Amino acid sequence: MGKKLMEIRDLKTYFQTKNALIRAVDGIDLDVEEGQIVCIVGESGSGKSVTSLSIMRLLPGPKGRITSGEVRFEGKDLSKLSEKEMDAVRGDRISMIFQEPMTALNPVMKVGKQIEEVLLRHRKVTKSEAKSKAIETLRFVGVPRAEHIVNEYPHQLSGGMRQRVMIAMAMVCEPRLLIADEPTTALDVTIQIQVLELMKKMRDERKTSIILITHDLGVVAEMADHVVVMYAGQVVESTGADAIFEKPMHPYTQALLASIPSLEEDKEVLYSIPGTVPSAGAFPKGCRFADRCSSAQPSCTEEMPELREVLPEHFVRCALVPNGGAA
Amino acid sequence: MSNTASITERERISPPSVAPGKGRIILNVLGGLSVVGKASLSYLVLIYLFVLVAPLFLAHSPTDTDPLSVTLPASGQHWLGTDELGRDELARIVSGGRITLMVGLAAMALAVVLGGLLGSIAGFFGGKTEYVIMRLVDMMLSIPSFFLILIEITSFGNSPPVVIVAVGFTYWPQMARIVHAEVMKWRDSSLVEAETTLGAGPWRILFRHVVPQTYSSIIVLATLGIGWAILAESGLSYLGLGIQPPLASWGNMLQQSQNYIWTAPVLAVYPGVFILLTVLSYSLLGEALRDVLDPKLKR
Amino acid sequence: GCSSNSGNNEPAASGGAASVPASESASAPAESEGVQDATITLATNADPNFNPWSPTGFVESEPITELLFDGLTAWGTDYQPIPALATDWTPSDDGLTWTINLRTDVKWSDGEPFTADDVVYTFNEIVLKKDLAAANSSNFVAVDKVVAVSPSQVQFVLKQAWSSLPNYLAWFAKILPKHIFEGQDPWNLTSFNKEKPVGTGSYVLTKYMAGQYVELERNPNYFGGTGDVAKVVFNIVPDINSQVAQLMSGSLSMITVEDPNLMDNLKSNPNLTVNEVSDNNYYWVALDQSQPRFQDVKLRQALLYAIDRESIIKGVLKGYGKVATGPINPMMEKFYNPNVQTYAYDPEKAKSLLEEAGYKLNSDGIMEKDGEPLEIDMPAGQYGTLVQASQLVQQYWQKIGVKVNLQVIDWNSYVQRVVSNRDYDATLCWWRAPVDPDILAYYHSNSAGTGNNIPGYKNPALDKLLEDGRKAKTEEERVKVYNDVQTMTAEELPYLYLWNPTIAVATQKNLIVPKTTFIVAEDHITEWKVLK
Amino acid sequence: MSRYLVVRVSQGLLTLLLVSILTFFLINLAPGGPSAIMNFQSTAEQREALTKQLGLDKPVVQRYAEWLGGAVQGDLGNSLDSKQPVGELLAERFPNTVILSAATLIFTLMIGIPLGVLAAVKRGSWIDRLITFMSTFGMAIPEFWLGILLIIFFAVIHPILPISGMMTAGSDFSLVDLIKHLALPMFTLSILMLPNIVRFTRSAMVDVISLDYVRTAKAKGLGAYRVFFQHALRNALVPIAAIVGLIVPILLGGSVVVENVFGWPGMGRLAVQAATNRDYTVVMGVTILVGAIVIVTNILTDLIYTVLDPRIRYE
Amino acid sequence: MSEMLLEVKGIKKYFPIKSGFLRRTTGHVKAVDGVSFQLKKGETLGIVGESGCGKSTTGRMIMRVLEPTEGSILFEGQDIAKMSPGSLRKLRKDFQMVFQDPYSSLNQKMTVRDLIAEPFRIHNQPLSHSEIDGAVCRLLETVGLRTGDRFRHPHEFSGGQRQRIVIARALALNPKLIVADEAVSALDVSIQSQILNLMVDLKREYNLSYIFISHNLAVVKHISDRVGVMYLGNMVELAPKQGLFAQPLHPYTEALLSAAPEPKRIERRERIILQGDVPSPANPPHGCPFHTRCPKAFDRCAMERPALKEVVPDHQVACFLY
């Protein structure tokens, strides 16, 4: 077990909208060790992106704010830093990759400049040093003709290239932590695998920790050391990658795995989870998965279960899972 | 074997609903307006009621001149005083308001119909039709509206219908452009494809499915446009080209009052303030509607 | 009459001609020291045309051409013709030839000498050339031709006797330089008309910025001596409110104010002097005489009885005006005949006259004759106060059961409709003419339909009187004829006479000008005093 | 690119042709006539002579053909009123309108863009509401009314600024003098324009601010200034350039009234004079010139796009 | 499983590239460059391939919402590619489409009832108000929605429910063929299976045929009988699913299958990681479209384009290796 790089404790991020208080992230615990890839999976709207934005303190406007909890990173609580101190962390110690490589790059700025900008902001370097470093980083992420590409605009690049530029931008300052929010969703499978391999290379060669957000269990299986399953703003299961696929304990995790078709085996009928995710503005009182859960008990709707360590390093939020596992 | 759970499940949905009438929808929209929007709407409702109903209660006719009591200050007899020919200012404001508000509405109605029709046809059918219509729009837009109105009015005289047509006629290209852009967004949409695959003809798709998608932009634009039309009429009146006496309009009252700016400046205040408030209300209402109907809509 | 010009604002710096001081209590200009070489700033409301005869030169040009050019005669402050380029003028016995002697010491501003040829050229080649249709040229229909007798003498050869010639020669009838115009199209000579006019007047043009200002400087060679004013700048200010504001703030030296509303206001301003002057001007309503119904004098009288002119003058004109009794202005004391039929406001009388004429109120409350309701289409042109005045008339007439459809149209369309097509039932306008009783052009049957006889009134008896007036040799004769004319017009009402307005010339306190209209004052600019 | 220009320009010319036909027939079929002819005191004989002099006795179509023939060769004819060549008249007035419009445009852009950015950045706050409300307010005031109020204020109450014309009559040109004269008309016109710019900037910025790359810029640790001005505003400039293209006709239209109120010797005043005097050739000249300006601005804004946004390229 | 329903022969779609304001055609996007296949009654054909390879374009041409540039589409023997709009409109009820984004393919301003009744109205079916209502309710029940919700608007439904509405609408006229273009891609994983199950059920119940377009190999494998693999406007492999997934012949199919992440922590067969990006369809390479990225390419691949040919019974592939 490696050294803890980041510890998130009971993070709550709420959005105040005109009609309701949206509890997008509702008490999350998350640990990231050095050189570890932590995957967060969960359905759309379960709070994955908001978690990452909360870490980065990039929540939109006055609406959304961190209500409580702490984000300990290298000993500092990020949620307590001033905006200026936070700026120094962003892009340097922690950096981030977003889902849409097209829109995440500034369309009117040359690619090279966008990378250099980070260096100029965080490192004492001259422009030309920044440029050569940018080219070097682009080469590292496998961009051919890097010295030409720096002078091109994002729209002149293909999707895969753009995402690599994003990665280059994120790693040019050699951050300790990379947060990647669905970095490959917009990419084709054959390109996706290239990008995923690249991220592995980053972890292996630079010991960067990665939080990888995805809803694709295939990607999780490919990449994760540790998996966090989110549902309705909460962590419902959190454990090592092997355990999730071999012994999923939370009914939601189980259902999820059962409901996706696989290339390897043929399922006559897919399991399907009835109903839909409750809306973040109106969560039920008890277990948030209760009304879709096939094994739900009346008590489930009454009381919110705790996230418990049922096996070593295996946390589950379900009242029905006994300690020691074997649901 | 079918997974019946997925087919027959009864999903959690709030209580069974009945068909909401159009009225409900309108109420919902109005209810969603911001405070400023509601205030503007209330002002507009009141002012329309005022100009429609007030004549029943007014003691004076707006055309009754009295040379011996010109530019009187406000009094119990004449609540807003009298104008340069001794006519009751309140009665003039009311009857001028009728005309002004009517010109605004009618001009905009014309612009909406003409612009909406041409814009949506251009946007939907594309090709040569689009080219011709949009060139026409370009042409209209390249004559600054004021010049065009100026020429139209000098050409056809300045009876209210001409003023309405002239003002409306200058606004339709703007309308057409927006509607064109909005409709064009839908031209290749899956909505249109879906309807096509159902076998619907192009006109049905255009008017039943695509045009309704642009209603909110049209409503917003029209609301803003009414204010613009009212201003345009008053600008025309300033140049002596708007609605003509003995008909009153706020614009021509303002224009007349210019001659009394040194002696009876209050004559310029009443119509000016009414124009200001009305145009302001329309604009604010338009903004508020934009927020409710289509938060993404931009000009 | 009224000249067209741009915009609908009342022309402020307008070229009224013939007026007398309204109040004789002129505090004589203090004999204190004047400022030599002063600059004064006047206003005009549009870009001028420097050609005084140009058909497109109107009130905006007149105050400027008045300073740039001279006529043969000019107005005295008593509105009698005084010598200008002419030294004296005498008619022949039959009245058909006027012999005029010219000054010999006059030079054009380009140095050329002024001679009889210039006069001959101006009249024969410009004014009397029908094809050119020079402005005001219709005033000179009685002139056959002008002959140069010697370099310093010309003869005006007339078609009929015309006793008013010297008066009309002072009325914007400026002499143009032959050496510039010869062989040129006078209207297209923009180098003269728009850029560099050459005149004999007291001032010469030094700078003209289109749309901005016209700058004149004292003509060093002017024959009439020099005064305090070295430089006259005409600011081109289209908006009357701006003009007034500029006057109040001191950046204009003087403006003409026709709007009675402003007069009290300006009068109370301690920095301004306001001279009230009356203008030879009367407002009237013309009723289309080609329609039989308007040929009935009872109807015309009834319609005049129905208008409360006293109240209009008191209320709307703020007292700045007098009820007009006929075509001759009381300022022409000698010719004015006060003892004519008058029409004090009397709606009852109006109604009974209508009844006499065969009209009855119908169920709609409208007067009706033989099933025809008395409905009047009344176009009103957007110019000055015409629209407002027409609205007042409309209201008065409606009170006695006459339905009036008022149609306000822009000035050009109005002229086309009323003057060109004579397509109206009634219309309200005004005439402004030289201070002279000769009104033949506006009343003679010959000018019905095509000329200035707008209503198209035809009356052989009146025609005869007017012709006699022109032929009259002595003043007594003329007085008698025009007295009769006034009696007849008052009874017959070829036009419904409304009022004679009083206008005002407002100046800064430190500028002392003769108490006359703007244009006449300009003829006497050498006498202006600019105080410290 | 050059082919693109050729096509744009030829389309512009076609538009101008249509504009000229529309204008010519409208104005010529209008009642009334050139004020030379429509003089109240003229006799029928004079009117007839003048009609002939001005060539107005010919059929309208023939006159249009003649006008077009001249216009194609760069001869817009002579004013019916002053007899000056229309080209000269326009050359006299056009620079003045340009001075007023350009000053207004620069002024409004300088004030409006920062205000719009501020409103967008502080979206939802009271600053935003205040700015939005003020700009709406500006859109609701009849400009001539505002002009008159300003005249009263500055002429009488505080006579510190000249209220008419573009230079002190009779004095030599001086920049200070020009700026003083410019102040009021420019301010009035700005009140008319500012709302457009502010709102448009705001909405363009709001759009951009919520885009991913602005978030990326923040995620890179860049400071607020760099994020909003280097990244966001730079992108928002594309739609703002578009509004500048749209605003030019509004500006020229608005200047008609403002030029009249403040006696500014520009094309707007010329146009109103010409229209009321039925000075057909001048009306045509102004319309064509204004149309051409609008077309040229549109082409220019399209070209500016390519500078502002590398994604846009015209072949 | 014998009767031929649809026969697509060499369809092509070239989109003109119009540049800038000029609107001049400066080239063509060869979105679909000669694709042929057949579909039997009751059969499901899956089409996979990377983004931009022409899957949707193919689907839309079959629906005739796009005019094919070339080729013929025989639906029960009639060539719908050449049919007039009028007669086509009548035939349309036989083939329907389900779109990727149910939200944008539904008129937001209409109630679900009106939306589902729309096909009846379009085809002027002489049904009374209550008959239509009944039909709508039946359809809603078929796809598993509450009939009481029929007066709601689409935005009041979740993604999966909206997709059901779209399916109900497609079913309204008893079609024989449904083209589903990325019908489940926009849905959450847990909802996706609901729709897939529904589609399978409906197919059995109504003997429907599907053309199921997706980039998700696992989903295609789950639902299809046969699978076609497209690359850059070409069909590179077409085979029954068992054969294709067990024994991919085309190097591209091989790479695709190996790159697809599997939700399993197992040792997988050797990864084939392709180099570079998909070429642009506006400027496709000469010869085999895949040769620029193909690990097994040889000289001939750059020279000529391989045709789709049957190398194993029922298994067609376009590659010179076979």
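Annotations
Going in written order, the chains are labelled A, B, C, D and E, and every chain counts its residues from 1.
The criterion applied here is as follows: a contact is a pair of C-beta atoms (placed from the backbone, for glycine too) under 8 Å apart; a residue touches a chain by one contact, two chains touch by 3 or more.
The chain list, named the UniProt way, goes like this: A, E = Peptide/nickel transport system ATP-binding protein; B, D = Peptide/nickel transport system permease protein.
Fair warning: this is a prediction, and the values are worked out from it, not measured in the lab.
Placing every chain at the mean of its C-alpha atoms, the farthest one from chain E is found to be C.
Pairs B-D and B-C differ in how many C-beta pairs touch across them, and the larger number is found at B-D. Chain geometry summary: the mean Cα position of chain C and that of chain D are 39 Å apart.
Between the Cα centres of chain A and chain C there is a gap of 90 Å. Chain E has its Cα centroid 46 Å from the Cα centroid of chain B. Chain A and chain D have Cα centroids lying 52 Å from one another.
Within chain A, contacts with two or more other chains are made by residues 269-272, 274, 276.
Across the assembly, chain C contributes residues 7-8, 241, 409-410, 413 that each touch 2 or more other chains.
Of all residues in chain E, those that touch two or more other chains are 158, 161, 193-194, 197, 200. Residues 50-51, 158, 160-161, 188-194, 196-197, 200, 215, 217-219, 221-222, 245, 255-257, 259-266, 271, 273-274, 277-278 of chain E touch chain A in their complex. Those residues of chain D whose C-beta lies close enough to touch chain B in the complex are 11, 14-16, 18-19, 22-23, 26-27, 29-32, 132-133, 136-137, 139-145, 148, 152, 199-200, 203-204, 207, 249-250, 252-254, 256-257, 260, 271-272, 275-276, 278, 283, 286-287, 290-291, 294-295, 298. Of all residues in chain D, only 30-47, 49-50, 52-53, 78, 80-84, 89, 92-93, 96, 148, 151-152, 155-156, 159, 162-167, 169-170, 260-263, 265-266, 269-270, 272-273, 276-278 touch chain C in the complex they form. If you check the complex, the residues on chain A that touch chain E are 43-44, 158-161, 188-194, 196-197, 215-222, 241-242, 245-246, 255-257, 259-264, 266-267, 269-274, 276-277.
Touching chain A in their complex are the following residues of chain D: 123-125, 210-213, 215-223, 226, 231, 234-235, 308-311.
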